[in-house]
Structure formats: structure tokens, C-alpha cells
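Multiple structures follow.
Here come two complexes built around chain A, the first alongside chain B, the second alongside chain C.
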Partner chain A sequence: MTSKFGHLWILAAALFVQTSAAEAHIVAARLGDFYAGALHPLTDLRDIVLWTATGVLAGALGAPKGRWLIPVFPLGLLVGLSLGRIFGAASTQLADATMMLALGMLLAAAARIPTFLLCAIAFAIAVMRGAANGADLGPDTDRLLFAAGLACAGYGAITLTMALTTAFKRTKSDSSASWRTIAVRALGGWIASIGLMMAGLALAS
Partner chain B sequence: MTAIRYLRLALILLAALIQPSLLRAHEAAMGVLEFREVRPGAFIGRWTMEPTIGPERVDLRVPSHCLLRLPEMNCGQKGLVGPITITNLGSNMSVVLLKVIPITGEARSYTISTANPVVSILGAGAPTLETWLELAKTYVNYGIDHILLGADHLLFVLGLIWIVGGGWRLVKTITAFTIGHSASLAAAAFGLIGVPERPLNACIALSIAFVGVEIVKQQRGEIGITARYPWAVAFTFGLVHGIGFAGALAGLGLERRLLPAALLFFNVGVEIGQLAFVLLVLALIWAHRRLDAVVPRWGAALPAYAIGSVSMFWFFGRLARVFAAI
Partner chain C sequence: MSWRILRALSTATAIFLLTQPALAHDQAGVPGGLLSGLLHPVTGVDHLIAMVAVGIWGAQLGPPAIWVLPITFPIVMAIGGVLGVLRIPLPMPEMVIAMSALVLGLAVASRLRLPFSAAAAIVGVFAVFHGHAHGAELPGSANPLAYGVGFVTATGLLHLCGIGIGSLTRWPAGERVIQALGAGIAGLGCYFLAQGLGAIA
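The block that comes next holds the complex of A and B.
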């Protein structure tokens, strides 16, 4: 039974990873480049995991620290998109995996990092993913609209993830809050595991 | 007082422009392809409205038993039954209306769009359940696409949410907007009213500017007409926006008997898109409150001025097009 579930997970992950180029093209053809930019991150598992992990970490650290990411993260995406255009796309697989591992471990350890460090990590992730998202843009793509869509998606995703995490965690340290803290730390452990597997895969290939 | 003046001006402009003619709010890149049966199984195809990319660049695929060499298409004894596809629909050509005119029986229309690039020709006996399902799929998707691509409509809805906030007042306001645009959409689609496209688009831009002014008034502590009667403003401008929505359907040249159903499905699509947008905005407002991330006092008026500036930019651009056409 476990083996069946394992196969299903691998199959689902493979399908998820394979969708990128085709799905992005369909979105662009149907709704234009703004929505292509907004939905492009959904076609890459690394974006989904890293954006979610960043939002959860910021939310877990509390609203006063996390709210700085509302402007920082979309700005990082735009900077990354611009840098990717100037310097060309580089393979970020290992860097992404390392970031996943780092974010997961910070979450699992419930580390209280300072606001500056949180912003620096989020900005670095956003720059990397912004560059990666802009890597496979076609010559017909309106880059301004794509960038606007990507930045809006970054703003929406990070804001909602942080708010949901703070709502889930609550602030009181009663018994219900403690299992919630454990759940968030467990999620961090899973994220770290995914990062570790991806790093192994990147080093092996 | 300024808001009432704006409302009056918009209504006067709208009233002056009402006259029976076709209209379009967003320019749709489309083409109309007609297949006329000249003998059993043999058709002559021609573009009655050529797509902007040129008919020779349209990658048209017909059922495998049909031999297509435009203007001729031969489908043999089996006739024209099966899937027809256009594989290269994109931003320069989003919709193609396909008309099939058999020797006997009624002509049938099919819409191939980016959302639904394959249509199944069902042959004699249509409309069947499959026809209705296909129509629903096509027009619901088309309605969703239309509202999501209509930045002006979404900006107006955003302005309303900004003024009204959440709760029942928002439900009533959005419902009034829905009733307004549904009524005028139906009236325009059936040809009961008609407004030229360009002045209408200018009015739509003006409606957003009006909402921007109302937001500024609210921030100054004044109670504007939108804050007092949000449903009335939403309904009135909903009528204007609805005529704009109808423009997306008007150019497709649908058969009249299919129009009510197409209209219904298109409206359902518009509502789905609008509801998704409203829910997203409400979720973001909740998230900002949760994170205590509010716009600082010095920047509180920025969103209203941004909405107003964008809408006035659109208004002057669209007004210039009105004068250019005269």
C-alpha cells in the first residue's frame, strides 16, 4: 500500500514538473502575458515550495517581521527578472534546493531570525526565482506585462501565505497554539526533506 | 456635488449616444469562416471575415476523412462530421466563428476560441445535448476570459469594493452591478439598444474616474453618492459596462436561436470571473488586516489617485479615438 502511494507521489511530481512550457504557452495564448506572468510560477514545483516556505517562515515569525516581505518579495522578483534578461538565465537547481533546505530547517527549528535576515533571504529567493521565471520567455512575450503579472502573483501569494500562517498559528501560547506550532515545524521538516532530495538530484545529474 | 456632476455628465453622454448600431468594448481578434455544401459531402469554404493574421496563416485541421484544399473541402459520403481544430489561436486571433450551411436543413454556427480550440461538428439532428454542452463550455470560458482581460471593468469593481468595504453592503452593491450589466447585456445582444463602441469605452473610463473621485471624497470625510447609495451607482454604471460586455458577443454573428443560451453562458462566465476577482480582493484585504499592513497616512490617497489617473488616461485616449473617427 505504501509502495502504491509512493508511486502515485512520484507520478504526480513528475507530471507537475513536466507541465512548465506547455502550460505557460496555453495561459499566454488564452489570457495574454499578464496572466502568463501571474500563473507561470504555478508551473514549477520549485516556485510553489519556495514561495510557500518563505511565506510560512515570515508568518511564523509574526506579522511585525513578516509584513516587510509584502514589498520586498515582489521587488526581488522584478530585480531577478531584470537581471535574468541582462545576464541570461543560469541553472539555479542547486541554489533552489539549498534555499529550500535552509528555509525548512529554520522553520523546523522555530528559529527567531531578525527582520533584516528574513528580508535578505526572501529577497535572494525572489531574485533567483524571478530570473528563472523569465528564462524561457519567447520573443513575442510582452516583458512588462509578464513582469507585472509575476510581481502581482508574488505579492498575492506571499501576503496570503503569511496571513494564513499567522491565523493558523495564533498568538496565545495555550495548548491549541502549541500543536499548531508543532504542525508548522513539521511542515518545515517536510520542506527541508524536499530540499535535501532536490539537492541530491541536482548533484547527481 | 462634484460626484453628482460627474454622474450627470456620464448619463448625458450615454443618453446622447444611444442609437442602434453594433458595438465592441474590447477589440476581439476574430474571423468568420463559412462552409457551404454544394453537393452531398462537398463544401466550398470562404472567409467572410478575414482574421487579422491573414487567412493563409490559420492552421485549420478538419476531420481525417475530409480533404481540405480551400476553397474546396470534400468529406465524401460520411459528410462533415467530427472535430475541427485551429491550432494556432493566440493573442492576434482569439476567436473564429465557423458557419456550416448544408444543402438541406438549417445552417449551424460553431465558435472556435483559445479557450475551446476544438469544435465537434455533429451533423444532422442538432442541436443536441452535446451542442448545448459545447455552447456552455465555449461561452462560459469566453465570459471568464472577457472579464479577466477587461482591466477597466475590474478597476471599477475594485473601486466599488474600496468604497463599500465588505459585508452585506458589498453583496448588495455587486448584485446591483450584476443586475445592471446583465440587463443591458441582454438588451444590447438582442439589438434593443446599441451604442457606438468608441464613445461607450470613453464612458466606461469615466465611470472609473467617478469612483476614484468618490474614494477621495470618502477619505476626506465627505459622504458621496456612492457611499450613500452604492447599489444605485453600481446599477447605473453596470448598465454602461453591460453594453460593453455585449460587444464581445456582437461580432460573433451567432444564430439568433442560439443567442439566448450563448448570452446566458457568457454572463455566467463573466460572473464567475467577477466573483473570483472580488474574492481575491477580499482575501487580500483580510490578509493586510491580519498582518496589520496598512498604507501609511501619507500614502492613503495614492490608490484613489492611481485609479483616477489610469481611468482619465484611458478616457482621454478613448475620447481622442472618438474625435478621430468623426
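The block that comes next holds the complex of A and C.
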């Protein structure tokens, strides 16, 4: 037993001595702009709220309707990113808030909207947020890598949120009174109320 | 089973009451906004007890109140929040908030069973006033969106807490505990109302 511990200690000490500094700063690496594009949306709460709400709405409507967003949302982000230079740093505060309110109300009301309307809403949100993400790109940024990173993040976020919501809602009796359906609708109420207040703030400022 | 739940609830309440605020760093940006939003409904005792009472009353009333409440309350509260953001004054906001604790506490204590529309109207009016108080703080917060996310989440969780407490109505002893809690909330509401009227310091 003691010998075992002795060996473990020697192994741990050898591993500790062998360690070298971690090259953690990926921005300075060759593919840094890809990671910058993938991580940029995480730095803005508007992206987090809107992307999550879009994914939850798609999941709440079910996989047959929601799966269309898997190509539509990243495509919208790319279109928005390409328009980022044109729109510049135009404020999207009111538009973001209106979209939060609309998504939240649709979720809270458990509205069964048609697929084309879901795709249109998701595309509009993606274009808006893509443009916002691309507005503050520096001249040194590799736009292609940034766009690839942003599109991958959009694909991952929408697919995961939608899949989680679909799995969460999947019950034997998918009645309107099931607690899972109510939880998703309550989340919609929260999102709508945040959007409503942000719209008020945008109008006040 | 009921004793286990009661014991868990009393432990949770004791832990909650014994907590002290962590005065570590004055945070800015998203963390600061989120933290102030989360704490705003919790640190104001009048808000806290009224939100918990809304959840308990919803649970006492049963369906549809128990599920309509968590869906619609934040939206109605946000209407008040917008009025607060736009600096549109409401009459005697502090008094009405204190009164909300008194009325909702009495409703819980007396197991008041009103028609759903009447209960929704009462809760809706109080929601507007509570939202107004939160919304007035929004423009000056470190990050308004994070503040909004924080206070809506905190309010929703307080309702959930109230609904959880309200589920004790399944047991006769639990029903008595809830009625005593309602009386306590009403008593605190009386205290805040008297304070608002200047009767006590």
C-alpha cells in the first residue's frame, strides 16, 4: 500500500515538473479570428437572450418545424455580418427589444405559427444580430474566419437549445396543463416582460 | 412525507434568514446589472412577501390560477416596469405595495376563493405597482438588460417558491402552516402600511 502511494507521489511529482506554460491566448493564434467570431455573441446579453428564445420557440413548435432553423439561422447571421459595414454601429436596441417581446409572447401564448413565419422571424433576428456582431470588427480581423466562427456558434446554439426544449417538452401526454408545457410558457412570459421593459427603455432614451 | 417536506422547508427558511449580504465588490456591467436585478425583489421585504403570497394564493386557488399566474404575472409587471422607466408616476406606490402584502396575506390566511377573473384583476393591479418600483431603478442600473433579466428571474423564482409552499395545502397540517404564514404576511403588510402612513418610524 505504502509502495503504491510512493509510486503515485513520484508520478505526480514527475508530471508536475514536466508541465510547461499553457498557450491559452487563442486570439494570438493562427485561427484566432474563428474563435473570436464564435465567442463574440457570448459577450452580449442581447445575443444570448434572443438566440435562446429563438431556439426555445423552435423546440416548442416541434422538430418538424424547428429543424428548418438549422440552416436558416446561421445563413441569416452571415447575411447580417456582410451588412454590418453598411449599417455600422446603428442602434438595434428597439428592434432587439421588439423581437424579445414577440418571441416571448409567442412562447407564452403557445402559438402554433406556420413554418415560414418561424423561419422569417429567425432570419430577421439572425440578420440583426449578425450585423451587430460585425459592426465593431477591426480592419485586421479576418472576416472569413470570423464569419465561420459566428455561423458555427449560431448553428450550435440553435440546434442545442431546440433539441433541449424538444426533449424537455416530450411527455406522454402533451397537454396544455402539463408542467413542462407551463414551464416553457412561463419562460416565454419572462422573455416577453424583459423585451417589454427594454422597449420602454429604448423609447425613453 | 409531509414532515420531511416541512423539515426541509423550515431548514431552507432558517438558512435564508441567517444569510448576510456579501459586500465584496461593487460590480459593473453585466454582472453588476444582473446582481442588482436579482437582489432588488429579494432585498425589499415588502416585494418579497407579496411575491411569495401571490404564489401561495395561486396554489390555493388551483387551476387555472396556478399556471396562468407564472405565465402572465411577469408580463403585467413589465407594463408597470415600462411606466417606471418612462417616469410616469403612479398614485401612492409605496402604500399600494404595502397594501398588496396586506391584501394577499389576508387572502392566503382566510383561504379566500374569488372567481378567477377577480383574483387576476387584484393581482394584476398589484403587479403593475411592483413592476413600477423595479422599473424606476432600471435606467440607472449598471446594465439595464442584465438588471431586467435579474429581476424578472428573481420574481419568477419567488412565485415558484410561493407555489411550492402552497403545495402544502394537500395536508391538513400544511394548510394551517400556510394560513399562519398568510397571517404573518398580512401583519408585515400592516407594519409597512403604518410606516408609509407615518404612524410608526
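Things worth noting here:
Convention: the second predicted complex is superposed on the first by the 166 of 205 C-alpha atoms of A that agree within 3 Å, B and C clash if a C-alpha of one lies under 4 Å from a C-alpha of the other, contacts with A are read in each partner's own complex, and residues count from 1 in each chain.
As a convention for this text, contacts are C-beta pairs under 8 Å (C-beta built on N, C-alpha and C of every residue); 3 or more make two chains touch, one makes a residue touch a chain.
As the structure is a computational prediction, the values presented were derived from the model and not from experiment.
After superposition on chain A, the partners chain B and chain C are accommodated together without colliding. Of the two partner chains placed around the shared chain by superposition, chain C is the only one that A:G188 touches, whereas chain B remains out of contact.
In the overlay built on the shared chain, the residue A:I121 is in contact with neither chain B nor chain C. In the superposition on chain A, contact of A:R46 is made with chain C only, not with chain B. Of the two partner chains, chain B is the only one that A:M162 touches; chain C does not reach it. After overlaying the two complexes on the shared chain, residue contacts for A:G200 are found with chain C alone; chain B is out of touch. When the two structures are aligned on the shared chain, A:L106 is found in touch with neither chain B nor chain C. In the superposed model, A:L137 lies in contact with neither chain B nor chain C. Taken over all C-alpha pairs, chain B and chain C come no nearer than 22 Å in the superposed arrangement. Chain contact summary for the complex, chain A toward chain B: residues 28-33, 35, 63-64, 66-67, 70, 140, 156, 159-160, 162-164, 166-167. Residue ranges of chain C in contact with chain A, taken from their complex: 30, 63, 67, 70-75, 77-79, 81-82, 85-87, 135, 138-139, 143-146, 148-149, 152-153, 156. Against chain C, the residues of chain A that register as touching in their complex are 45-46, 49, 104-105, 108, 177, 182, 185-186, 188-190, 192-194, 196-201, 203-205. Against chain A, in their complex, chain B makes its touches with residues 89-91, 114-115, 145, 148-149, 280, 283-284, 286-288, 290-293.
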